[in-house]
């Protein structure tokens, strides 16, 4: 009886998931793409008849874009690749690790998850050669290697567990150029200038910042990005790393100071034009709307690179780098997130795919379509689909260091739990010390 | 009886009013969301649903070309209409059918604050007048250059539409649907696209129907045994069933996740059917037993005397006679499984091929389209449409089942 | 594609239902014809034995499912709550950790509030509604409309009420009503204050009042007319009749309604998950439990589910005693 049940479900699942074969979106040889790298890769790899299955978090449009890149790999090698996406990828890959059925490769959005899988012996280590390649060819390459390096049970030692591909930037401030122009404002270059500009805006009768923390069950996460960005701009990279690893407690002065600095923006009713409770209740997707209203409800919005999706259709917008304090000499660290590819069931095709990800063409195909950033220094940045993306790409390539979104690196009870609710409570109560202490105690409980 | 009613007439008006108030309070929340689900996306954020039949002013910034200006009385004058004429071509499509100017202004920093018909001056010294019908007159001492950038609040005529439902079911708005159709997509492809609600709708049905039917069959046999067969331990078993009625489902989640893992069921439709069966059984057995016990004893005794087996008595006599109880449990179980969020989040994978509507709404829609009430409202009504139909069609059985379950 | 989904659903039902009937028929047949045939020299003894075994054939699938899905998990959860992840700190570690957690204590307190307020308010409104609609010409329509939210999922109801509570004065009904009384801008109604729990409770009260009304209305009809007439002759007014004559007579039913809603309240999860998930002050035990469950912390998750079980226990014992006194 059970078997038949399964069969029925399987039929339904197969029908729903049937994907059409992808055609190549850009004809090889045409345009300013790095076709040479494609040809070289193709001539070095022949995997006819081999199959490779990949699972990842991308669904919908992102899945189509990923498939469009994978099509080039199939074209070059003759291998057959099946990519399946899921919006609860994280819990599904964890379960697959326990009960079996891991794919050949997994596209993992959290380095913490990668480290867990590697420590449990589910990830095949990548070669030292690949690590060297990343150090040489990725901007802030050492950061990328470090993020993907941890103890690997299969290797029995620390090893490179995955390859970063597709990156998001967090340290961005969005604004409306015509409004800045009409007010005679200049894009600030330092944090001091940014604060001065905010105060100027208040004098001119505008709320300088739109901030919204609402996100359904994930409410509070936009605040964690703020705090992380401020940590990077007020503390050394070592302190940031120690914070992420809970080597310094969450309620240490460095962190509390960062939370309070965030409070000087978000809890300041002159700056946001709202009560802190309204900041919490405002949905993060609605928050930037104020930039484009007439009259504008706010002038600046700090948010990651994905946010233009939520702007009104004909919005006139631009962005600048969330600047560093001039008085603190901490370089230009960039906060972001990214997806890392790992081999969870080793085969020749998976190894070849890692080589494929090193070719500029694997990055350029997605870049030229939409929503993709890469730290790969060998790509033709002219190919970015628009000026906005190119601008972000340049910030990424100019970074002195890259740090991953801290909340994604913390255990999920903290990074996707106590940290979020702690920030919501901080906005309500204003007591940074107490909330930081409560996050720390939640962390102690799960140790 | 009559004289009692007579003494009440003084209170009857109060009763009518109080009931009316109660009914209004109870129905308004649903009604509000229903009307909202039929409104245009822009209108929802501008005016309340109780003003659905009035127009809603929308702010725009219009860039009006100044090529048609003429020199008159020493001034450069531009006369045009913001809705029509050659300048209209520069406007977005959806402004063209907006019927009225509600307010205008000259600075995007101040927005549309001037009443139609009044005259204001821009930063560049251009005096501008806009009438409610869209007639615009701009005059400047020197030749105007570039474009006139004017924020305006335009009023669209009110309209009710089913577009929101089409959008939530296909995850494409009207323009995207047209484009998809021109690229050769069939309705089937659109309904089953990744972020569309139609897939979860089908999944909900796939969960609810078997999860309703299977426990009924199992429970009916058990209820018959508990009602009409004699065996040691019967009283104890009934007490256990009553006790299990109140066991919190939460207790079962961790163990069953582990057990399903062992059995190789994992997270799947099979898993959730079994889980709903297990969780629904206590109520089913309890309701059906209470009903079956009340069936006339002599019919069953006579049948036994005539040599019918228990199996025959059950299928030929008890089952048909118990139809009302079966129906009322079926309604309960169907409403419960259709509306359930908790069991689905534990026993079903979250991918598009198997997620149910409640979960889709909480994680996908509230998570990624939180502020978009046109989507949320339409999704809510897609979600509650079937239960409401069942409810209004089968209310009689529902009430009967509830009474059997609680009144002694 | 749609066709195949429908086909697989129908096939499932046919296999499920057909399979069950096949099981019952086949097991009975085997019992009567193979193991203990009702013929031959032991016919009489065989029939008796078969009749002793038969109830268990009827009961087996239900007992198996109940055992696997409810009985075993209760004990398994209890076991896990004292063994899972307790390496350092003794068997009670999970309990001591969760009780040391502020958020858990808030959740426990909120759960108590829910249990006190929702059943009381639903029963009260249900009683009022039952009495009001009792003899109205349009009483059945009114009842139907008040009963309707019963069919709406908690998630749907949460959406409906989130919209009522919308902070924009032009969108949310509550804020619009404040506007009628002179408020100029909307307020954020659900902003994480501890009292906001009451706004969420309203949703459940809205759903459950209809349930209470239907049952209490049937009970009210069962109140003998003579007692009412006697009271009126003694000069009692309508309020006296209602509160002093009718209510005491249906007290038993009121208690049943009350406990039924109490059990439901202890299981409620969806409303808080959909409306107040981000606020620590609105947490209840089931949302806490699901948080730990989702992050794979089975020790804490089972410990919380055991706490919920303990809260339900008094109702369970009372229910069983009621049922036993009835079956006797």
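In order of appearance the chains are A, B and C, and numbering begins at 1 in each one.
The working rule: a contact is a pair of C-beta atoms (placed from the backbone, for glycine too) under 8 Å apart; a residue touches a chain by one contact, two chains touch by 3 or more.
Note that the structure is a prediction, hence the values are computed from the model and not measured.
Visitor: Chain with the smallest distance from its CA centroid to the overall CA centroid?
Guide: That would be chain B.
Visitor: Which one of the chains is farthest from subunit C, going by Cα centres?
Guide: A
Visitor: Approximately how many whole Å separate the CA-defined centres of subunit A and subunit C?
Guide: 41
Visitor: So how far apart, in whole Å, are subunit A and subunit B when each is placed at the average of its C-alpha atoms?
Guide: So the centre of subunit A lies 33 Å away from the centre of subunit B.
Visitor: Taking each chain's centre as the mean of its CA atoms, how far is subunit B from subunit C in angstrom?
Guide: Chain centroid spacing, subunit B to subunit C, equals 22 Å.
Visitor: Of all the residues in subunit B, which ones touch at least 2 other chains?
Guide: Where subunit B meets two or more other chains at a single residue, that happens at 192, 206, 269, 273, 362, 366.
Visitor: Quick check on subunit C: which residues sit in contact with 2+ other chains?
Guide: Residues 1, 5, 8-9, 12, 16, 273.
Visitor: Tell me, which residues of subunit A touch at least two other chains?
Guide: 5, 9, 12, 16, 91, 214-218, in rising order.
Visitor: Mind listing the subunit A positions that touch subunit B in their complex?
Guide: Going by the criterion above, the answer is residues 2, 5-6, 9, 12-13, 16-17, 59-60, 63, 86-88, 91-92, 95, 98-99, 178-179, 182-183, 206, 214-218, 283-286, 293-296, 314.
Visitor: Flag every residue of subunit C that touches subunit A in the complex, lowest number first.
Guide: It comes out as residues 1, 4-5, 7-9, 11-12, 15-16, 19, 97, 100-103, 167, 188, 190-193, 273, 277-280, 291-292, 294-297.
Visitor: Where on subunit B is subunit C touching in the complex?
Guide: Result: residues 1, 4-5, 7-8, 11, 15-16, 18-19, 22-23, 26-30, 32-33, 36, 44-50, 188, 191-192, 202, 205-206, 209-210, 213-215, 217-219, 221-222, 224-226, 229-231, 234-235, 237-256, 258-259, 269, 273-275, 277-279, 281-282, 285, 309-311, 314, 335, 338-342, 345-346, 358, 361-362, 366, 373, 376-377, 379-380, 383-384, 387-388, 390-392, 395, 398-399, 402-403, 406-408 of subunit B touch subunit C.
Visitor: For the complex, give me every residue of subunit B touching subunit A.
Guide: So the residues of subunit B in touch with subunit A come to 59-61, 92, 105, 107-112, 123, 149, 151, 192-195, 199, 206, 261, 265-270, 273, 349-354, 362-364, 366-372.
Visitor: Over in the complex, which subunit C residues touch subunit B? Could you list them?
Guide: Residues of subunit C touching subunit B: 1-2, 5, 8-9, 12-13, 16-17, 20-21, 24-25, 28, 32, 52, 54-56, 58-59, 61-63, 65-66, 68-74, 76-77, 80, 125, 128-129, 132-133, 135-136, 139, 142, 144-156, 159-161, 163-164, 168, 170-171, 173, 176, 206, 209, 211, 214-215, 218-219, 225, 228-229, 232, 238, 252-253, 256-257, 260, 263, 266-267, 269-270, 273-274, 286, 289-290, 293, 298, 301-302, 304-306, 308-309, 312, 315-316, 319-320, 323-324, 326-327.
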